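First chain A sits with chain B, and in the next complex the same chain sits with chain C.
For the complex of A and B:
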């Protein structure tokens, strides 16, 4: 039982963490919580199944096309749901615009792809039982994504520019950084990360339109637990959420496990409103 | 005789007045008026699969009756309205069929969500209605005296599953699992209560979120509770496939019994290997099940032959949907024939008098106090993975 809890808990947790990082990536350059993050992950599974199973493409080609498609959806999010409301961030109109786009993505997927879950192909074909690839693949994908992002943010000029925008976009613009282009690039990057989450978790969650809403919600929890904009916090929060959720599934089961998850979530936020790893931000006056 | 201006005015007014009174139509014109059947069909949208099947039956029956000269010389006219599975559209279509198209009877809608919205409307208009929706409360002869069900209710499904577990499989330790939808929660509760009432030991019951990626926790708890059978009440094929796959990975040979969706063709692509779909028994019907020799009941085989001859596709639908569509049209036609008119009262009175009416889908019986027409003893369990041209093999235990 312990093996099952750890295997499925880490797998689900890694997917939640990746969705949390998708939220953070979009937030860092725009200060917008875009509720399309879960839909991007859902599309990762749907596009992967479409390219590889329905269209018969090789895994690598299917993977690459999935990431491109998700990146495009990410860019569309920036143009359609984020850019028009940036001037009135304090009114939180982005909640409405990004939720509306998320609903549109979900409905279009339901109409075009179908409302029943569709199979997702095996990628590597390694492992059985608790070592099945459907459990370890999301964890590996999450680890590689974190390493890639660390490299991007610490070792590349573009990464430094992202960090500068995230730190203070007014100062970054004053220094001549192309804030708008960087924001578009960060939404494309978020699309890629969401696509990785859905692709790696496809065997576990299947290619199913309803995964979007689920991941939107469970992906938001690690962001809140780990602190907004904190990828390491999202990783730890996501893995903790997955493990706790699976443990609750085993111990109390069914509907009660969701109650247990959200009870803990509320308690943590009451104790640490900025998240476990976040810090209170200074407000400009 | 002189013609005065006043005379012309009076005469003109009289002629105009007379023209506004309806003339009695000759009897011959009335008898050739078509029998208008409203068909509330979810032809498009996510829940359109049953309607596509039902519609093939409706078309087949209508063409057959009209080709044979109609009902006492009156042709059947089907007036179809696509509700897209949306209750709001179903309500609008119902109102339009009643007040504008002036149909004589309605067949449908075919899903309970729509029927919950349309049935009271039809009751107010005293519109005779046949439907195949499963929610128990849709049939109430006191509130909805013109609504008749020609498919099993949820309660009848539950009875059939319970009888199969207790009397055919002869197991006593039961696990009942459903999804977290309103349907799943209600069905699990009713099923657990009925099993307990019949003296069975419900060792485990749960409602699982259909998107839960790993079913091991619930399956393990059911196994640890020594469940001998798992009864499933869900329409989520993803959840069902995960349960079958988990059972295989646990090396557990417990049987699954339950909702017709356990036999859904989509499961074939979701299970990890075909063997994972064995020992799964879904609700089916005697009329649409073949025996160990691969034979359908004679009447059903005759229907299949006729459908094949008419080139009605069977390989992408279920036979009971087609048979249900045929029965609906024929029941309305017979009611008009027997009552001699398309009056609502005559149609309802005829249906209320039926005892073991031999339809293709089942032998229907109605009375003024019982509008659930489908007999419970014609509900059987099918081998879930045995689909063949819309029919299924009988599950083990039936002679």
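For the complex of A and C:
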């Protein structure tokens, strides 16, 4: 049983962490928390199933197409729901605009794809029991994504530019960085990360339209715990959340686990509003 | 005092006149609702009942979303909670059966408690976090309803409560729900147009200023969440009865979206708008049957359009008053003679004393060992170059920053460090360098916010519109009008504050601060952006205020104003005192002249 708890906990945790990183990636260049993060992960599963099962494409092609599709949705998010409201960031209109877009994505999926969970194909075909690929695939995907992001942010020029914008938007613009293009790029990147989360977690969570809202919440919890824009916090928070949730699930049952996650979420927010690894809040006066 | 009573009696007549047009649309909607049974069939009874029930919930939620500005997107959870609580209690499958009205009341109490629990994060965090908590709550409530089979019946569901005659027919139940909807409208309007409603808007649009006027955000928000939660759960009980049989499927997230978007389509800070929004959104999928499956998509598109194109919603469309142009050649002419009627003579002999105050940000010593005495009835000028710590000093006194060292005392009492919302009750009022006014509220309402802590009626009294609440309102309105007369903005009392010029906002802030009848008034660059005529009048006004016994601490860059009206001047440089003394002494102080005044 311990094995199942750890396997399913790490798997779910890795997915939550990836959704958290999706939030962070969008947040870093735009200061916007977007409700589309969870929907992107949901779409990763739905597109994967669509391309591979419904259309019979080979795994690699299906994977690539899924990521492209999610990246496009990410860019659409930027154009439709973020760019028009950036001027009034203070009024938090982005909460409403991204919520609207997320609802549209969810509703279109529900109508076009169906409201029943649909199967996701096996990708590698390796492992059984607790070593089944549906458990280790999300963890591996999460690890590779983190490594990839670290490489991007530390070793490449584009990554440095991302960091500069995240650090100080105005200064970065004054330096002549193409802020708008970088923001679009970061939304495409967020789409890819969300797509990876959904694709890798497809066998565990199935291709199901309601995953979007669920992942929106469970993916946000690690961000709230770890602090906005802090990927390391999101990773630790995500894995801890997954393990805790699955342990509670196995030991005391499903209701308790959701209630406990919710209670911890509220308590942490009250005790440490900027997250356990977060930074200080902005000046008010 | 005579002036106040005069004004209040002359205004009362006009106030009554202005209430009726505001009520007309509500009466119209109510009349239409009453006629509906005679012109339609049972199918419309169902839709009408549904709209009425939704409005019971939305009326409460409107205070949270439209007035307090907290984005509660998961209120379907409280509807679910209320529906199940009422059904389980009325069915008696766990406890002995409770009569339906008792069950509704208990459900409301449960809803109130959970309304607060879900709202807790809003005390410290806004917007996305709060949206997420409510969303998370909505997710888990449905999961619990599914899993807790012994009580909720799980996926199979449970029978909804049934009303007895005459409310057990479709139209009977319809009239009952319309009645509840009318009561809900009344309750929410009572709060919305009380000092609590204004305080909510103040927290939403000018939270820093709200703290300075002594509004306690946690206390107010808890009251609102209690009310909204109770109303939502009550609506849930009615909803269960309408459904006759409830399963978790009945409470889709789409409902939450409907509630939330109804308010935004209606417009913030309005009651009529969200009411029309609720009715429209309930009817919309019915009259366009092919669209029923796409209704949520439609709502989402509407939401996006509202955000991008028409942030004010229906209420802004209906706000014809704010489209009339204002006179362009307005001049602010304070009527200083009226000051003695509205500002009571302060009897305090206490001095506001700062001793060796230190404030550091990292390695920067923003204030470095500051001594300052603000005496009652005197004007104390605080000048110095940019970054010398003037505004920071005001922020320390008014509690936005806690000093790292030194003491601040008022007479013999130490002022607690931090805690800005306690300063108002100590008689300290202030204005801000960038005016912090509520743009969407009228000038009069903005000034009335200043007197929030002077009100005596409790939240419950305001909710039920009891006499003490009316007395508060009359008193505050009369006082605020008189205050506006003193600062010279009387003619603009009913105009939305965001239509005013910058200089007028500065005078609104002064009027708002004076509503507290402060012993000490902290003014942060009140003359910035004013014309030279206005500065002269401002100087006279400040002087008159101090002659009523109020101690004034004036941060200013206009040296002329400072030397004209101040009794004492302190010059800061890099957080330290460069010089202190009378204006005459400062004017000739060598270092001051070379460092700051130029010469």
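Please note the rule applied: the second predicted complex is superposed on the first by the 280 of 285 C-alpha atoms of A that agree within 3 Å, B and C clash if a C-alpha of one lies under 4 Å from a C-alpha of the other, contacts with A are read in each partner's own complex, and residues count from 1 in each chain.
By our rule, a residue touches a chain if its C-beta (ideal position, glycine included) is under 8 Å from a C-beta of that chain, and two chains touch if they have at least 3 such contacts.
Worth saying up front: this structure is predicted, and the values here are computed from it rather than measured.
Asks: Do chain B and chain C fit side by side on chain A after the overlay, or clash?
Replies: clash
Asks: Of the partners chain B and chain C, which touch A:214 in the superposed model: first, second, both, neither?
Replies: Both partners.
Asks: Chain B or chain C: which reaches more residues on chain A?
Replies: So, of the two partners, C touches more residues of chain A.
Asks: Between chain B (first) and chain C (second), which, if any, makes contact with A:95: first, second, both or neither?
Replies: second
Asks: Going by the contact rule set out at the top, does A:4 touch chain B (first), chain C (second), both, or neither?
Replies: First partner only, chain B.
Asks: Identify the partner contact of A:115: answer first if only chain B is touched, second if only chain C is, both if each is, neither if none is.
Replies: A:115 sits against chain B, while chain C stays out of touch.
Asks: If you stack the two complexes on chain A, which partner ends up touching A:156: first (chain B), second (chain C), both, or neither?
Replies: neither
Asks: After superposition on the shared chain, which partner residues are touched by A:181: those of chain B (first), chain C (second), both, or neither?
Replies: A:181 contacts neither chain B nor chain C.
Asks: Tell me which partner A:104 touches in the superposition: chain B (first), chain C (second), both or neither.
Replies: The answer is second: A:104 touches chain C but not chain B.
Asks: With the two complexes superposed on chain A, say which partner A:262 touches: chain B (first), chain C (second), both, or neither.
Replies: second
Asks: Looking only at the overlay on chain A, choose which of 115-123, 133-141 or 151-159 in chain C hits chain B.
Replies: None of the options clash except 151-159.
Asks: Kindly list the residues of chain A that each of chain B and chain C touches, one partner per complex.
Replies: Shared contact residues on chain A (touching chain B in one complex, chain C in the other): 214, 253-255, 258.
Asks: Give the list of chain A residues in touch with chain C in this complex.
Replies: 33, 80-81, 84-85, 91-93, 95-97, 99-101, 103-104, 106-108, 111, 213-214, 216-217, 220-221, 224, 253-255, 258-259, 261-262, 265-266, 269-270, 273, 284-285
Asks: Would you tell me which residues of chain A are touching chain B in their complex?
Replies: Interface residues on the chain A side: 1, 4, 8, 11-12, 110, 114-119, 128-129, 201, 204-206, 208, 210-211, 214, 246, 249-250, 253-255, 258.
Asks: Which residues, counting only chain B, touch chain A once they are in their complex?
Replies: Against chain A, chain B makes touches at 46, 180, 206-214, 216-218, 220-221, 236-238, 241, 249, 266, 269-270.
Asks: State the interface residues of chain C toward chain A in the complex, per the touch definition above.
Replies: 71, 73, 117, 120-121, 123-129, 131-133, 135-137, 139-140, 143-144, 147-148, 207-208, 253, 257, 264, 293-294, 296-297, 299-301, 303-304, 306-308, 311, 391, 395, 400-401, 432
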